[in-house]
Structures are given as C-alpha cells and as structure tokens.
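Look for chain A in each of the two complexes below; its partner is chain B in the first and chain C in the second.
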Partner chain A sequence: MVERVLRAPGQYWMLVQMWIRSTLAYPASFVMMVISAMLITGTDFVAILLMFSHLDVFGGFSLGEMALLYATSSMTLGFADLFTGSIERVGRRIREGTLDAYLIRPVPAFVQTAADEFRLDRIGRPLQALLVMILAFTRLDVDWTVAKGIMLVVSVVAGSVIFTAVFVLGAAFQFIAIDSAELANSFTYGGSTLTQYPLTVFGKEIVRAVTFVVPLAFVNYYPVLFVLDKPAPLGLPSWIGLLSPAVAVLMVALAALAWRAGLRRYRSTGS
Partner chain B sequence: MGVYWAIGIRSFRRFSTYRIATASGAFTNTVFGFILCGVYLSLWQARPGLGGYDTADALTFVWLQQGLLMPIGLFGASTTVELGERVRSGAIAVDLYRPTQLLLWWLSMDLGRAMFQLLARGGAPLLVGALVFDLKFPADPQRWPAIALGIVLGILVSFGFRYLVALSGFWLTDSRGTEYLALWLSLFFSGMVMPLVVFPGWFGEFARATPWAATMQVPIDIWLGRNPGGTGAALLFQLGWCVVLLLIGQLLTLLATRKVVIAGG
Partner chain C sequence: MSVIELSDVSRAFTVRSREGFRRTKREVRAVDGLSFTVEPGEVVGYIGPNGAGKSTTIKMLTGILVPSGGTIRVAGVDPSRNRVQLAKRIGVVFGQRTTLWWDLPLKDSFAVLQKMYGVPPARHRANLATFVELLDLGDLLDVPVRQLSLGQRMRGDIAAALLHDPDIVYLDEPTIGLDVISKARLREFLAQINADRKTTVILTTHDLDDIEALCTRVMVIDHGRQIFDGTLPTLRASQQAPRTLVVDLATSLPPLQVPGATVTKVTGPRQHLTFPPTTSAAPLVAHIAATYPLVDLTVAEPTIESIITQLYTPPEAD
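After this line comes the complex of A and B, so read on.
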C-alpha cells in the first residue's frame, strides 16, 4: 500500500510528460493558447476592476486587498485544474466503456484519470493570478513578518489541495450520475468565484456554510485575512487561517474515500 | 423548408436525452446566480442606480444571464463546435454532398439545441431566483412578443458569429486560437463579465455597439425595458447584426466550398 502510494507521483509524471511532449510539438499554438487562457480567466479580474471604477472599497476591502484575494483564489483553482482538472472526463470514459482499460494497467486508475489529456496550457490561469498577485503587492502596504510569509505560501498549497479534493469528489460523484460533470463546476469554478470576494458580503449564513460545510473559506479567505491583519468574521480567532493545511488533509481523506467507493461501484458498460 | 424543420426537431430531441447533464447544468447556473446576486447586491447598495439599473434590475439581470448563457451559446455551443471539428477532420465533405444549404442545416441544428436549452435551462434558474429575490417581470403582456423576438435574434446573432469561427477552420489548420479569441470576445462584450451598462465612458459605448451586445445585453434590456433608444431600436440593432453576420457566413460558405481541398484520410 505504502509502496503503491510512493510510486504514484513518478507514474503520474510519466503520463503527464507524454502529454506535455505532444502539446509542445506545436510551440506557437501552445503560446497562443496560454495567452488566451490568461485573457479568458482574467475576465473575472476585469469585473473587479470595473467595480472599482465606481467604488473605492468593497466589503471592507480596497482594490489592492481585493487583488490579493482574487489572486490567491484564482491561483489555487488554477493549480488544482492544471493537475487534476482532467479527472472530470471520467464520466465520458464510463459512458464509452474506456475506463476498463485503466483498470487492467499496472498504474492506479486514479493516477491515470487525473493525468488523462493533461493540458499544460491550463498553466495560463495560475500565471495570470501571479501577475495579479504582483500587482497586489505593489499596491499593498503589508507589515510583513515571517509568519505571514509562511502563511501565504502554505495557504496557496493547501488551497490548491482543497480544490483538488473538490475536483476528485465531483469526479467520484460521476460514478453514481454519469454526465453530471457540470455539477462539480458549482463548487470548483463557483467556489473560486465566491472566494474572489470578501465572504462577508454574502451574509453570515454563507460564511458559516463555507467554513463548516464546504470549507472553501480556508482556501484563501482566512489566510488572506491573517496576512492583511483583518479580524475574522463570526467571532472566529484571527489565526483560523492556520488551520488550512488541516482542512486540506481532511478534504483529501474525504475525496479518497469517495473515489474508492465510486470505483468499487463501477460496472462496465460492456461495450 | 420541411427538411430544416425536421432537423431542428431532431436536434431538440437529441439534446433532451441528456437529462442529468441538463439538471446539473441548471443547478450550476443557479449557484452562480446566488453568488453574483451577493456581489451585485453589495455593489448596487454602495452605488444605487449604477448604470441606470436599480437593484431589482441588477438582480433580474443575473438570473436572466444565467438562464440565457447556454441557449445563446456564449461559451460556444456543441453544435457549432461539432461543425468546427467536421471542418478540421474533413467530415464536412459529407455535409457538402447533401442537397441542402450548409448554413441553414447547421442553423436548424443550433435552433433545435437553443430551444431545448431555453426551455430546460432558462426557466429553472429564473424560477428559483424569483422565489428568493424580488425580480422584475414585464407587466405589460404586449412586451412578451418583443422579448421573445429579442431572445431569438440574440441566438441568431450568436450563431452567425459561431458559424464564422467554425468556418475559419477551412483556412487555418489549427483554429483553436481563433476559438479562444472568439470565446474571450463573446464573454467580455456580451455582458457575461458585468452588465455592459457598468462599463465606463466611450468603452461602454463601444461595447454596446458590438454584435456580442446584441446576443445577451440587448435582450435582457428589452426584458427590463432599459434600452437607451427604446425597444424598437434595440430589435433593429439586433436584426442588423443578424443580417450582416449571416450574409458573411453565406458568402464564406460559397468561397470555402469553391476553393478548399478537403483533407483526405
């Protein structure tokens, strides 16, 4: 079991490399696709800029602070989408019966599905988020401490893992309801849209829901509050953002259970 | 004429078979509706009357947008995507053999798809939104035909543009770049990013003159009764872009079929 887990990253990288080679066969097309991906995913930030052409503060956040919130949300979703976004194709594989091939190969089905048609051009979203993050830092006057720096880096990793777990949960659900790929979008892209804004503008119920039910507030909101020295809502302690990695571990455990349950339930179409 | 009607009906039926996909799509539209309502509520609370919309207008905009984005095909629609794939793979040769007009054939396919998605995915989010928020519904029954016409014209304009993008594959071997650019333009200038009324100054004026404005912003404004030049002018604006795009589409079809060599194999 342990050995299987240790081997997985190497196997994943092998499959991914194959797709990267095929993508880079057309370098001009690749560059264009990355730039287009940056432009398309960047429209969300344009929406924020448009809002700030009419406002100075939104939900207690200045433009620079909003940019940091946006960047961390978009970057974490971008990494999750880059590394495991393809897993949503599992529904199609179930319908077509091509998932069977994955089950007889000596590589875990999860690794193969996650690496299925790996698209390097999805790096566009994290890149775009990085640009916005740099912009945020030029506009912000953060009182940097080591703790804040560590918090920011750790939360980007933990946030990406949380979104990854959401992608996997969505894929696992497709074992029950084939063709439900779009349902996961509510939590992945929807979650990213939600966490681009200060959560308090949505009201206390939503803040509670994304803290205790679907813990998306730990992706970036609580960590960013900590970095910006802002108080946490609902009377929660200011260090609550430090719990991000723990939440990520919990989500991974949930996703792993769901994926295994889904795979056990799988019956081939037989075609 | 009968053949195109038959294609439309079959396309409608084809899309109606994906029930779970339709339901999960409508669910996602509803979730996005709630998120955007949260954002717009705060925005219009801070700036009442922004862009000439009151809060009820802004919230209604959100639910109409979520209901219309699939029927209009703002993210691209599977019909025209399929056409683009057929152009690239060469399967388009089969379509050209048929004793029908290429443009009308795919237009019928697209309208069948759009009508199904309008019924299945347009209504559900709007209903949920209306239960939770105080939305605007046109009081005067005489406005309904104008609204229906505006939505159909929006779908036609969108098709006209998507058809051109699909045909670009005849000249460009790798049309993915064009498709991405087209997607960006249609998201940005249709009102998907933000209602175009919020776009500042001359940029707003420019955005509202583009064909993408005719796909979604204009029909929603007809519903809200907020077109700057009145409903009649808005419909004429849509009709203008519709005629222009479909004429270019027909012209390109003729050019393509005359000069292009289909990739073999």
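After this line comes the complex of A and C, so read on.
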C-alpha cells in the first residue's frame, strides 16, 4: 500500500509527460490557449476592480487585500484544476465502460484518471493568479515576517490540496450518480467564486457551512486573515488559518476513502 | 500447474426495474456455478449467445469484477484482490472498445505502455518490431488512434495487449466487425504468438471460424452455466445435428416430395433438403434420382453453427 502510494507520483508524471509532449507539438496553439485561459479566468478579477471603482472597502477588505484573497483563491483552484481537473471525466468513462481499460493496467485507476488528457494550458489560471498576487504585494502594507511568508506558501499548497480533495470527492460521487459532474462543479468552481470574497459578506450561515461542512474557508480565507492580522469571524481564534494543512490532510483522507468506496462499488456492479 | 482455476464461481447482478410507481429488484445470475481450469499454452474458445455471461467471466478473470461466490485463481493469485499486480501478467483486448489513447498516435500509446509495464527497452523494441511486421502496423504508427479504421485499431489494440509479454491474453470478441482478410490475418498472428511464446489465450467470439482456426478447446456457456467443454471434434460428434443434401435439378420445380427428408430452401433449380443424421443418404439419393431430373448433388456435414445452436436450445422432451 505504502509502496503503491510512493510510486504514484512517478506514474502520474509519466502519463502527464505524454500529454505535455503532444500539447507542445503545436507551440503556437498552446501559447494561445494559455493566454485565453488567463484572460477568461481573469475576468473575475476585472469584476472586483470595477467594484472598487465605486467602493473603497468591501467586507472590511481594501483593494490590495481583496487582490491577495482573489489571487490565493484563483491560484489554489488553478493548481487543483491543473493536476486533477480531468478526474471529473470519470463519469463519462463509467457510462461508456472505458474505465475498464484503466482497471486492466498495472497503474492505479486513480492515477490514470487524474492524468487523463492532462491539459497544460490550464496553467493559465495559476499564472494569472500570480500576476494578481504581485499586484497585491505592491499595494499592501503588510508587516511581513518569516512566519507570514511561510504561512502564505503553505496555505497555497494546503488550499490546492483541499480543492483537489473536493474534485476527487465529486468524482467519487459519480460512481453512485453518474451524471453528477455538474453538482461537483458547483462545489469546486462555485466554491472558488465564494473564496474570492471575504466570506463574512455572505452571512454567518455560509461562513459556518464553509468552515465546518465543506471547509473551503481553510483554502485561503482564514490563512489570508492571519497574514493580514484580521480577526476571524464567528468568534473563532485568529490563528485558525494555521489549521489549513490539518484540514487538507483530513480532506485527503476523506477523498481517498470515497474514491476507494466508489471504485469498489463499480467493481462489484459492473458496467 | 493450471494457469487459470475457477471453482464454483457465481456472479449476480441486481436489476432494478420500475412498473408504474412500484419498484422491483430482481437478482440475475450472469454466471452461475462455473468451474474450469486452463493449462498454460492452451487456446480456449469461450462461446455462448449474447448475455450468456462471457464478458462477465472475462471481467472476473481480469479482476475488474468481484465474483459474488466461488474462488478464482489466475497465475496463482486472486484477480480481484491483486488486480494491479496481476495486470503485468495479462493482456486484454475488448473488441468493442479500444484501450489505447484516442488522441495519441499509436506509437505514443506503445511508448507509454512500455513505461507503464516496465518492459526493458531492448525487449520492447524487439516485440514492437515483431508486431509491426506481423500485423503490418508500419504505416499506422504515426496516426492518432481515432483516425484508424476498425481493423487497424484492432491490430493496434492486440499489439498493445501483447507488448509486455503477458502469460495470458483475454480477447473479448477480437474479430467483431472485421472483414474476412483482417480476420484471417489476426487469426494467423494469434496462432503464431501462441506457438512462439506459449501464451495462454482465452477468446470469446461469435465467429465460429475463429474457433475452427485457433482453438484446441471449446467451452460453451449459456445462462451462466457451462454446457460443453472439450475439443471441436468432440463437440461435432456429441451433437446429432441434421445433415443437408443439396440437389441441382434440370429445371426449377416445386419443393420435392422425398420421404425422410424435408426441403428447407429452393433457389431456382437448386433445392436444399435436410435429413436426420441417423438416416443414410443413399436411399434418399436413389429416390430423388428415380423420380426427378437430377443433374448434380452434394451432401453437407452440419456446420458448427448449427451444432451450437442445438446446444443453446436443447430439443424439448416429448
């Protein structure tokens, strides 16, 4: 089991390389795809800029602070989408019976599904998020410490992992309800929209839901609050953002269990 | 030692259906108490009508499906528990769908499989060279799989299933939809691989010519149960299938009246008559020659199709 997990990244990279090579066979097309991905995903930030042409503060956040919140949200979703976004196609594979092809190979079905038709042009979103993050740093007046810097990097990793886990949970659910890809999207892409804004503007119920039910608040909101020295809502301690790696581990465990259960169900019901 | 062992294997599916507002659950046994063993190097034809349980059996043997009862051992391990480990020792071809990467050229698919299965590069090159020659894949290597014709794709799929030198190959309807020439080429290739490498082959098919050309052993399954297991000659001998007399007359006539035989087909001056295997053809021929303007005649032995059709639907007891 441990051995299988350790081998997985190498196997994943092997499959991904193949798709990267085939994508880069048409470099001009690839560059166009990346640029268009940056522009399309960047429209969300344009909306925020427009909003701030009328407001100075939104939900207690200045434009620079909003930019940091937006950038961390977009970057974490972008990484999750880049590395595991393809997994949502599992529903189609179940329906068409092509998942069988993955089950006869000496590489775990999860690795094959996650690497399925890997699209390097999805790197457009994290790139765009990086630009916004740089913009945020120029406008922010943060009292930077080493702890805060590490916190920011760790939280981007943890946040990406949380989004990844949500992708996998959505995919696992498709073993039960085959056409539920859209439902899963409402949590991932929909959740991403939520995490672009200070959560308090959505009301306490939403804040509770994304803290305790689907812990998307740990993706970026709580870590950013910590970096910006802002108090946490619901009377939660301000260091709650430090818990995001722990939440990520928990979500991964949950997603792994769900995936295994889904696959077991498939293998015992057939196609 | 047997390479495949099945002992009392069953596989049930729950079928949910809805009638008005009432939902009913029904259990269907796709495979029911199946037991057999296969020795290394055997080529087994696994045949049966649609829905007999052929594909279900193959899926259980590969570990994709977990059996609901009984035990399976393939290459000494339980396939459903050791699926990923077993994968290196088996090759699978699903005739109806490809296991290759749709958008990638054939040679890229092969390159990925080499890495996936950890085939030593020298061995991979040698195998690839052999398959490219035998299956005539040379011109297809740079073509994306989606642009291949069915026959070309099937050749690619078969090469892909054999690149890692599997001990066992499962071919689920490999000749489905292929033209006569492609079928013949595939059969030749499989026969050669089996002869050269002692690869065990399990083949499901609806094309009995596949069986005639390749298989040393035939297993017939119907309603999830095995109804025959033996050689092709034994299968022929075991069934009392009717024989056919084809007579060519000088002119077109209405169906002949011959005691002990019945006319099944009339095409112009040619008429087909069937008669039970217990009857001798000689008196029939004598009768026809004496009564009608006979030009020529042949006696046809029962086809394997007619024998197997009889197996599927045993004659009802009076």
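Miscellaneous remarks
Please note the rule applied: the second predicted complex is superposed on the first by the 266 of 271 C-alpha atoms of A that agree within 3 Å, B and C clash if a C-alpha of one lies under 4 Å from a C-alpha of the other, contacts with A are read in each partner's own complex, and residues count from 1 in each chain.
The rule is short, and it goes like this: a residue touches a chain if its C-beta (ideal position, glycine included) is under 8 Å from a C-beta of that chain, and two chains touch if they have at least 3 such contacts.
Here the structure is a predicted model, which means the values were calculated and not measured.
By the touch criterion stated above, A:Gly235 is placed in contact with neither chain B nor chain C.
Once the two complexes are laid over each other on the shared chain, residue contacts for A:Val46 go to chain B alone; chain C is not touched. In the superposed model, A:Ala37 makes contact with chain B only, not with chain C. More chain A residues lie in contact with B than with the other chain of the pair chain B and chain C.
In the superposition on chain A, contact of A:Pro27 is made with neither chain B nor chain C. Residue overlap on chain A between the chain B contacts of one complex and the chain C contacts of the other is empty. Against chain A, the residues of chain B that register as touching in their complex are 18, 20-21, 24-25, 27-28, 31-32, 35-36, 38-39, 41-43, 46-47, 50, 174, 176-177, 180-181, 183-184, 187-188, 192-194, 198-200.
Listing the residues of chain A that touch chain B in their complex gives 26, 29, 32-33, 36-37, 39-40, 43-44, 46-47, 50-51, 53-55, 58-59, 177-183, 185-186, 190, 193-194, 197, 201-203, 206. Here chain C touches chain A in the complex through residues 13-14, 56, 59, 62-66, 80, 83-85, 87-88, 90, 92, 94, 97-99, 101, 103-104, 108, 111-112, 115-118, going by the rule given at the top. Across the complex, chain A meets chain C through its residues 4, 11, 14-15, 18, 21-22, 96-98, 100-101, 103-108, 117, 264, 267-270.
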